[in-house]
Each structure stands twice: as C-alpha cells, then as structure tokens.
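Across the two complexes that follow, chain A remains constant while its partner is chain B and subsequently chain C.
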Partner chain A sequence: MTLKKLKATDRMKQIMGGYYMMGKQTEVNGWITSGAPVELLYAMDIYPVYPENHGALIGAAKQGPYFSDFAEKRGFSRDLCSYARCDIGCVFAGTSPVGGLPKPDFLFACNNICNTVIKWYQVLSRIFKVPLFILDTPFVRKELKESYIQYVHDQLYEFVDFLEKTTGRELSDSKLKETLIKSIEGVNSYSDVLHMAKNKPSPLTCFDAFLNMAPIVCLRGTDYPIEFYAEMKKELVERVKRGEGAVENEEVRLLWDNIPVWYRLRWFAEFFADRNACLVADTYTNAWTGFISMDKSDIFWSMAETYTFIYLNIGLEHMAEAINRLINYYDVDGVVIHSNRSCKPYSFGQYELQKMIDVPSVVIEADMVDSRVFSEAQVETRLEAFLEMLK
Partner chain B sequence: MNIGYLCTYTPKELIDAAGFTPVRIFAGDDQISLATAYIQSYACSQARGSFERALKGELDVQAVVFTRCCDTLMRLADIWERNTDMKVYNLEFPSRIDEESKDYYFRELQDFVNILKEWGGDVTVDSLRESLKLYWELEEKLKKLFEVKPDYEAAKKVQEMNVRDAIEFVDRRLRKVEKSGVGPKVLITGSVCPFLEVYKLFEEAGLLLKDDICTGTRFFTYNTPLKEIESVEDGLRFLVEKYFNKAPCPTKHFPNDDRFNYILELAKDCDGVVFLLLKFCEPHFYDYPQLKEKLEEMGKKVLLLELEFPIASYEQLRTRIEAFYEVIA
Partner chain C sequence: MIVAGIDVGSLTAKCVLLKDGELVAYKVIKVSPNLEETADKVFGEALEEAGINKGNIERIVATGYGRNKVSFADRTVTEISCHAKGALFFIPTARTVIDIGGQDSKVISIENGKVAEFVMNDKCAAGTGRFLEVMASALHLKIEDLGDVAERANRATKISSTCTVFAESEVISHLASGERVEDIVAGIHEAIASRIAAMARRVKVEPDVVLTGGVAKNKAMKKALERELGMEVKIPAEPQIVGAVGAALFAMS
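Coming up: the complex of A and B.
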C-alpha cells in the first residue's frame, strides 16, 4: 500500500531547511531543550538551537547508531538517552546530516521534560566552555503548588538577566508580549491541525503529526507555525470534505504514547494502514498544545505555570487524565504504548497507566533513535495480536 | 512509625524530630521478579530491587518519602503509592543548588513538616534541636570511624536504625576499630552499594579504600557545623544550609562544577579511582567520560565496574579488582 502524503510536509521541509540555514548565519545562538520557554529567546532575536530536534532528525535519517558510536567510543554508555548520545556524538564527529549545529554562545536546559537534560547540557558546557542556565521545574506529582510557580517565576527573571549579560541585548516588554501572542497563536493553529483527527475517517495520522511537528517546537513565537499550520489545516479540511481518510477503510482508531520510533516511522505507518488501523493522535505532539493560562497582568507567572505543568512533568494521575481526555475526544479504541529505553520519565509508569486508562492497550519495547535495540518480529507479533483483539 | 527513604538528600532530622524513625531502603539479595510487572527492566536495580522488597512485604516501613533526585525515583513514587499500603510523599529537592533555590527548599521543608503532622508527628523546637544534635553526633562519629578505617557494614546498618541506637552502635565499633594496614589506596565513586561483599573484595585484594558512595561517606559528609536554634523556622533554615553543603551528588546542578572538583580533590591522595556504577544510572554515567579524562590528566588510573543488584558474580569482580591492583601497585 502507498501512504498518502500531505503537501504540507514539503512546505515543512522548506521551512525547517530555512531554519537550519539561518542557524549558520546568526550572530547569537543558544542551545535549548524542547520544553523550555523559547519565547524569551525569540523576543531578544536570539536563535534557538534544538539538539533534541537534531536527534530526531538523525533518527529519521537512520543514522542513530552511526553518530551515537562517536559518543560511545569516548565512554558514553549505550544505556544513556539516544538523543543525547547522537547530539554529543555529532559534536565529536564535527558533522551531522545537516552539517552539524552551530557552536553555542550559551546553553539553556529546563528539566520539565527530564533530568537527563541537566546532565547532557553539563557535558556540553564542559566541551564548549560556555555558560549554562538550568531552569529547575519541580515535579507536579499531585498538586501544582504556589511555591513551585513562585520558584520558576523567579528563575525566569533570573534567566532574563542571564540572557542580557551573556548577549549584551535587552529584553523589551512589548517584544516579549508580541512573541508570546505569536506563540499562543501558533499553538492554537497547531492544535487546530491535530483536532482535525476527530473526523471519521481521520484526515491525518500521528505519523503526519510527527513529521510536521518541528515548526511548533523550534519556531514557536514566530510567524512560521501560525501560517504553516493554517495551510496544513486547509489541506486536511479538503480531505474531510471529500470524505477521504488518511488510512483507507479506517476500522480501528488508535492513540500512540511516547516519542516516535523515528527510524521506523514509515514502517509503522504502513503496518497500521495495511491493517485498516489509524493512529489518530498521540501524547507526544499533544504536549505542545496547551497554554494553561495567559494572564496578561503577569506574563512571567503565566509562563511559569504553563512550563511547570507540562505533560512529562506531572504525576501518573494527571497523565492518565490527559490520555483519557484524548481517548474521549478522538474516540479511540486502543492505545499503542512505546516503552522507550531512552526516555525514563516518559516510560516508567506506563504499566500503571495501562490500568488507569479507559481502553485496552499494548506495550512495545523500542528506542526512539537507536535502531540496534529494535526487534521487528517481536513488535509485529505484539501489534498483530492487539489489533486482532480490538477487531 | 518507620518512614522509608532512598535518597541521602532526605532530611532525616525532621522525620526523627516528628517522632518517627527514618529507615533507608536498599535493594535485597533476591533476584528481582515481582517488580518486573510494574517497572521496565531498564530501570536501575536499586529502584527495582527496593520495590521488589516492598512488594514482598519485607520492609517494615509504613510511609516512604521520595526526595527528588533522578527520573527513575521521580516516577517510582507513583508506582509505589499505587501498589503498596504505604503512605507516599514526594519532597521536591531543588535540582539546582545555589542561593536562588534556598527559599524554595525552605518552603518545601515547611510543607514536609505539615505532612509529618498529618501523619501524626509533631516537630517542635525542642524535638528538632535534639534531632539536629543527634544526627550531628552520629555524623561526627562515623567520620571518626572512617578516618581510622572505613566500615561499610556500620555505615549500612546505622541507616536502618533509630539515630540513638545508631550512635551507640558506632561507639561500640569505635572501641574495637584498628587502623588499616598499608597498601595502595583507591577512591571508589558511584551511587549506592549496599552489598558489603563488594568492599571486602577490595580489601582482600590488598587495597585501602576511600569512597564517594551514597551509602558510604556521602551519607554522613555535611560540612555544616551544628548551630543552636531558637525556633522550628531556625532549624529549617539550618537544614537548608546543611543539605546544600553536603557531599555533592551528580543528580544536582552546582554553579561551578562543584561535583567534579569534589571528586578531583578526593582523588588527590589516591593511587587509582574505581567507578562503581549501577547499570542504567544516568546521572553517574553522564559524568563518567569527562571525569575519567580529568582524573587521567591527574595521572590516576581509572577502572569502571558496572554493577547490577543482586550481584551475580563476585568472582568476576574479584578478578577485575585484582588486575587493577596489579596496575596501580
């Protein structure tokens, strides 16, 4: 079966090609983690470099083991996160599928996605000998306490000082407001795209969402995501009008949990399409859809709230609630859970989540970038049995 | 009531001051089987092994405090709460240790005092004063004991006792202890290692030990002299200082690479350094390559031993340690 391609994906490639090109020409850049408040950088015309996106790109190019090997040879264990291994490996290799990332002027890690990024960025700061700022977000296992928000809020101010000192630039209030508004518009425009999967049949799969998520991660706060996702939505609306699904004869609707298996994206997409199963949504791309509040009187407080209560930084009860919301909204029949060796905070607790969610689920063992741990036969058998059971 | 904990950043003084006994939880000797249904095999065996003991009903603890350190323990709190009868609380120790995070940690301690109250334990200025003094005493005595000769059995045992019994226990050991002999000295560095046979292997190979292990000297190295307190708040402020200045752990971020400098300083009078790392322990494994490089620049020989609990083959470890002895002797 041939997969249906979205025209938007070509446009996305152009935009991201431009984004990577821009990185080679900018005056000041900072390396930043995927869950960090990038708006502060864009508001100061600082170019954000995303090592995680770079890792995903290496995975999709099926070069994970090749670049990871450069880090492993230097003593970095194969049990470490494969994004980190590839990224550090590229630094040692001096290149990558996009010719390497520009050398950073500073590093900015926010541990709302994992504590791994603290260690990873410490390694980078010793290699590049540039300042590192850690934005420490307390884990919200139960309640989002005011003391947590206060702590993050104060660090945001401190981070602005750090940026001003490191770059010699000044943050203007109006520019920050403007950036935040764009960020929210981008997030809304992106959410609209994901929400299209509510239609039956769904005009997109989570694989389309994965392929096209880079702009909301890397360019959030600029005009690009606002326009790009609006365009993508138009294409999806056309599909819906024609009654055309992303998967021919959609019989089963599924939800994907965890980061994609980048080097097998196409394999998975075909596997499910061949069996009339559509992965309509996922917990990964949906992590970029929520601004929990936007109180204009104190935007730093709003940012602190939003960036602390992020999907990977909350307890299992909150996560189960979020998954059940997706199950309900997208009318999902079952959940495919990727137990990802590289991502402990995303994967530990999945066995509990299975008991807490409203539909049946299956766990497959893999890794987001390191194809050496992928066992096709094992994954195939588990998924076959699961789909059989659902039908 | 006994309150279990896994991380040395847990303020045991508050637990004791509330009238409870803090008890450190270690992985056990049995193969891990029950826990595999609750957490993946790529979680470290300290996490899986500790939870295994909880599931088997081997732990005499009624509540567990998870102090924020690594991603695995962060998630284990929920898994633990959902599958045991124990009360579970997560104390969010900051991941960045500097002036800016002190007030926040102070508020976390205040919240913890309230939780202890909910659990039926009252922290008063008198009880806190006493607990601070007792722990200081225990820590000083352990330091003295280790200066004469490292005693990993004592270090492990006192972590499972009431602090009063622990002091008496260390006193008895101090009366009996004899200075170690002569031989090459190694620094062992890593997370936890409650398997005492491992330390014996080093001694039997003829090596003198110094350590940076979470169940060894990191348990009692605090660097903050005891201070008189006038109120509970005073005591909490003291605890902030005490825990911020303790022997640094790689799960935290320190402003000036304090953790690396601490290890390099410890290694100065040692002939070699052994990384005793638990498989899947991210915080330590990220540090390993660059730390190793710095140690080698200092002229130190370095060995990496990767462990999984329970330890499958002591003989294999023995061979490697003996070979290392040959290299540095």
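Coming up: the complex of A and C.
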C-alpha cells in the first residue's frame, strides 16, 4: 500500500535542512530542551540547537542503537532516555546523520519535560566546558499556584542576565515582544493545522503531524512556522473540499499517546491505513498548541505560566482531562498508548490513565529511538486485537 | 458446513475442524521453526483424523502469533478475539478468560459475548508456559508432571525473582540449600499465579473465570490461581484448543 504524502513535508525538509545548515555558520548557539522558552534566544539572535530533535532524526534514520552504543560503552545505562544516550553518543562519536551538532556556547535545560534533562545537560556541560542554565519549573500536581509562576518568572530574569553575560549582547524589550508575537502566531497557525483533523474523514494523520512538527519546536518565534503551517493548512483544506481522507475508507478514529516510535513511523502509518483506522491526533504534537494567556503588560509572567503548565509537568487528573478534551474534540473511538521505555514522565501512570479516559485504550511497549526493545509480533497482536474489539 | 481453525502459537500448533458448529476433530503438534510447514502439517493431520477431504473445508481462519504464516487461511483473527469466542463455546457463562500460552499470557474480559478489555504480558517470559518449561528443566522434571509434584508440597518456597533467568538461578540455589523439590515447584506455581493475578486486576475479573492454554491442564496452577484471585477458575474440556475453536467459529460467520 502507498501512503498519501503531503506536499508540505517536502517544504518542511527544506526548512529543516536550512535550519541545520544555519547551525554550522551561526555566531552564538545554545543547546536547548524542547519545552524551554526559546523565544528569549531568538530575541537575541542566538541560534537554538535541539538535541531532542536531533535524537528524533537519528531514530527516524534507524541509527539509534548505533549512536547510543557510543554512550553505553562509557557506562551510560540502557535504562536512560534514548534521546540522551544518542545525543551524548554522537558527541563521543564526533558525528551523526547530519554531521554532528555545532559545539555549544552555553546550555539551557528546562525541567518542565523531565528531570533527565538536568543530568544530561550537566554531562554536556562537563564535556564541552560551557556554562549551563537550568530553568526549574515546579510540578503542577493540582493547581498552578501563583507562587510557582512567581518562582519561574524570577528565574527568567536570571536567565536573561545569564544570556547577556555569556554572549555580551543585550536583550531588547521590543525585539522580545516581536518574537513572542511571532511565537504565538506560529503556534496558532500550527494549531489550525492540527485542528483540521476534526474533519471526517480526517485530511491528516498523527504521522503527518509527527513528520511536520519540527518547525514549531525548533523555529518557534521566527516567521517560518507561521508561513509553513499556513501553507500546510491550505493543502489540507483542499483535501477536505475534495472529501479526501488521509486514510482511504476511514472507519475508526484513534488518538496516539506519547512520543512516536521514530524508527517505525512508516510501519505504524501503513499498519493503521491498511486496516481503515486513522490516528487523527496525538498528545505529543498537541503539547505545542497552547499559550494560556498573553498578557502583554508582563510577558515574563505569561511565559512563566505557559512553560510551567505543560503536558508533562502536570498531575494525572490534568493529563486525563487533556486527553478527554482531545477525545471529545476529535471524536475518537479509542486511544493507542505507547509505553515509552525512554520517557518516564510521559509513560508513568498510563495504566491509571486508561481508567480515567472516556474511550477504550490499548498499551503497547516500545521506545522512541531504541529499536532493540521493539517486538513487532507483540505490538501487532495487541493493535489488531484492539481494532477487532472496536469494530 | 465444515470449517477449520488453526492456532499457530510459539510452542504448539493446533487445528480444529467444526461441522455445523460441532467439534469433529482436532490435533495439537509441536511447532517447528518453519511455521508454514507446521500449519500445513497440523491441518493435514486434523483432516486425516476426521477423514475429511481438504476440498470440503469451506473456510479457514488462522490465529496465534504465527497467524500470518498460514498462507492457505482465508483470513486471520488475533488470539485475543479467538480465545474469548472459544471460551464461550466451552463455557457460555465465561466473563473472564485467562490464557497462559507459551510466550504470552493474557487476561480478557468479556461483555455481551464480546471482548471488552484485555491485557497481555510484555517482553518477559515470567507468567508464561515458557517459565514453567525453564523451571521444569532446571529441576529435571517433565513439564506435565509439575502439577502432581506441586500437590505433594508441604509448603511453597518463596520465589522472589520475577525474571525467568534469575528465577532459574534462584531455584538452583534453593535446591543447593536443601529445600524440597516439591516445595520449590509449589513456589513456582505461586509465583506465576501472583504475576497473572496482578495483570488480571488491571481489567475487571468477574466470574466465571476460565483458564485456557496448555498450562490449564496443570491442576496445581488452577488451584494457585484460585487462591490468588479468590474465586473459582473453570477449565474447558480441552483447554489447549480454545483459540483454534474460536478461530473455527469465526470461520463459520
């Protein structure tokens, strides 16, 4: 079977190719975690390097075990996150599928996505002998307290001091505002794309979303995502006008939970398409859709709020609520839950979540990058049985 | 109408022939590395047993982890759906099916005659038939004798490792420290039962609970599970062919 391809994906490859090229020529760069406020970097013309995106790229290139091995040989456990292992492994290997990442001038880790990033970036800091800034976001078990926001808000000011000292540049207020407005526009344009999956049949699958998510992660705050996702939306609107679904004969609509299995993206996409099932949405790409508020009088406050209350930094009740919201919005029949060996905060509590969500679900065990833990026959049986149950 | 259900598992392959909904013949054989050949062989033997010609078989459904290797099947259905259907064939009041297979164990909850929920063990042989095989070989016992040996235990030796490989060395060290073989075997049954029960609690466990798979022939296993779950566990007349019967029932519809 041939999967339907979006023209946007070619454009995305161009943009991301350019992004990686730019990294080799840039004056100042900082390595940054996926959930960190990148706007501050773009506002100071600092190039952000994303080891996690690089990890995903290595996974998609099916090179995970190869690069991970460079880290494992030095004693990094296989139980660690495979993005971290691959990133550190590539540093030791001195290369990667994109010829390695440019050496950082500083490191910026925000623990709103996990606590592995703290140790991971400390390791990088020792290897490269460059300064590290950790933005510490308190975990929101129940409510997002004002004291939490205040705490993060104050650190953002410290971070600006850190950036100014490290780079010798000054942050301009107007440039930051401009960057944040672009960031919000980019997020809105990106959300519009994901929302297209509300249509029946859906013009896109979560696999299309995974493939095309890099611009919102890496280039948020620039013009690229705004234009790219507007273009992508046009293509999807055309599909809807023609009544064309991403999957022929869409019978079952599903939601994906967790980071994709990068080295099996095509396999999963074909598996579901062959069985008239469409994964219309996922919790992962949706994590980049929300700015809670944008109070222009205190943008640091808004940023503190936004970056603290993100999907991986909230309690189970909030997570279940977020999933149920997606289930309802996209009208899905079931949830495919990826228990990801790498990503503990994402995978912890999934069996509890199963009881808290409104539709049936199935758990499959895998890893986002480390293909050594993937068992095709086991995954296939669970998914097939789940579809038999739903139909 | 005559139909066939073929269940190619990790250790054994089963074939069942149904005529107008009645069981007319079945065969169970060991799986060889060539799954296609195995499927062909078990099908051929079942036909011979029944004295039925291949041409008279209206439809064939394959299930089990080797289901996609049965090239002559009309379609495939997963072992989850097949075990539920097969269990209902033998015990119509079944609400929960526990299947302990060669490399998979699963718990299926049934509502209105359909699969409502299921859980399976993952990437680990603990709580599967394979676990029992490894233990039997470590103790120089035949797998089919394990149940009887366990019945003669005074108490159950605690096996704390959930990993098959580590449990094997634990068993050997228990032997070395003079524990009775019977007690160790009883402990092995309890270890599996507690593992299965923990998995079962993720879905609703409601009576009647039916135990299927080759391991169900082991009486000590049934008792250990009953203790863990606190309810009676029923065993179909032929627990090993439940999946194949389910497949054959799917072939009828």
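We take it that the second predicted complex is superposed on the first by the 391 of 391 C-alpha atoms of A that agree within 3 Å, B and C clash if a C-alpha of one lies under 4 Å from a C-alpha of the other, contacts with A are read in each partner's own complex, and residues count from 1 in each chain.
In this text, contacts are C-beta pairs under 8 Å (C-beta built on N, C-alpha and C of every residue); 3 or more make two chains touch, one makes a residue touch a chain.
Computed from a prediction, not measured in an experiment: that's the story for all the values here.
Once the two complexes are overlaid on the shared chain, A:A377 sits against chain C while remaining clear of chain B. Within the superposed three-chain model, A:S347 lies in touch with chain B and out of touch with chain C [touch as defined at top]. Residue contacts after overlaying the shared chain place A:A385 against chain C, while chain B stays out of touching range.
By the document's definition of touching, of the two partners only chain B reaches A:G315; chain C does not. Once chain A of one complex is fitted onto chain A of the other, the partner contacts of A:P360 are limited to chain C, with no touch recorded for chain B. By the touch criterion defined above, A:V123 lies against chain B but remains apart from chain C after alignment on the C-alpha atoms of chain A.
After overlaying the two complexes on the shared chain, residue contacts for A:D136 are found with chain B alone; chain C is out of touch.
In the superposition on chain A, the residues of chain A contacting both chain B and chain C are 351. Every residue of chain A that touches chain C in the complex is listed here, in rising order: 351, 354, 360, 363, 365, 373, 375, 377-378, 381-382, 384-385, 388-389. Those residues of chain B that touch chain A in the shared complex are 37-40, 42-43, 68, 70-72, 74-79, 82, 90, 92, 94-96, 100-101, 103-104, 107-108, 111, 250-251, 253, 257, 279-280, 282-283, 285-290, 292.
Every residue of chain A that touches chain B in the complex is listed here, in rising order: 74-77, 79-81, 84, 111, 114-116, 118-120, 122-123, 126, 134, 136, 138-139, 141, 145, 147-148, 150-151, 154-155, 158, 315-317, 339, 341, 344-345, 347-352.
Of all the residues in chain C, the ones that touch chain A in their complex are 65, 77-81, 104, 114-120, 122-123, 202.
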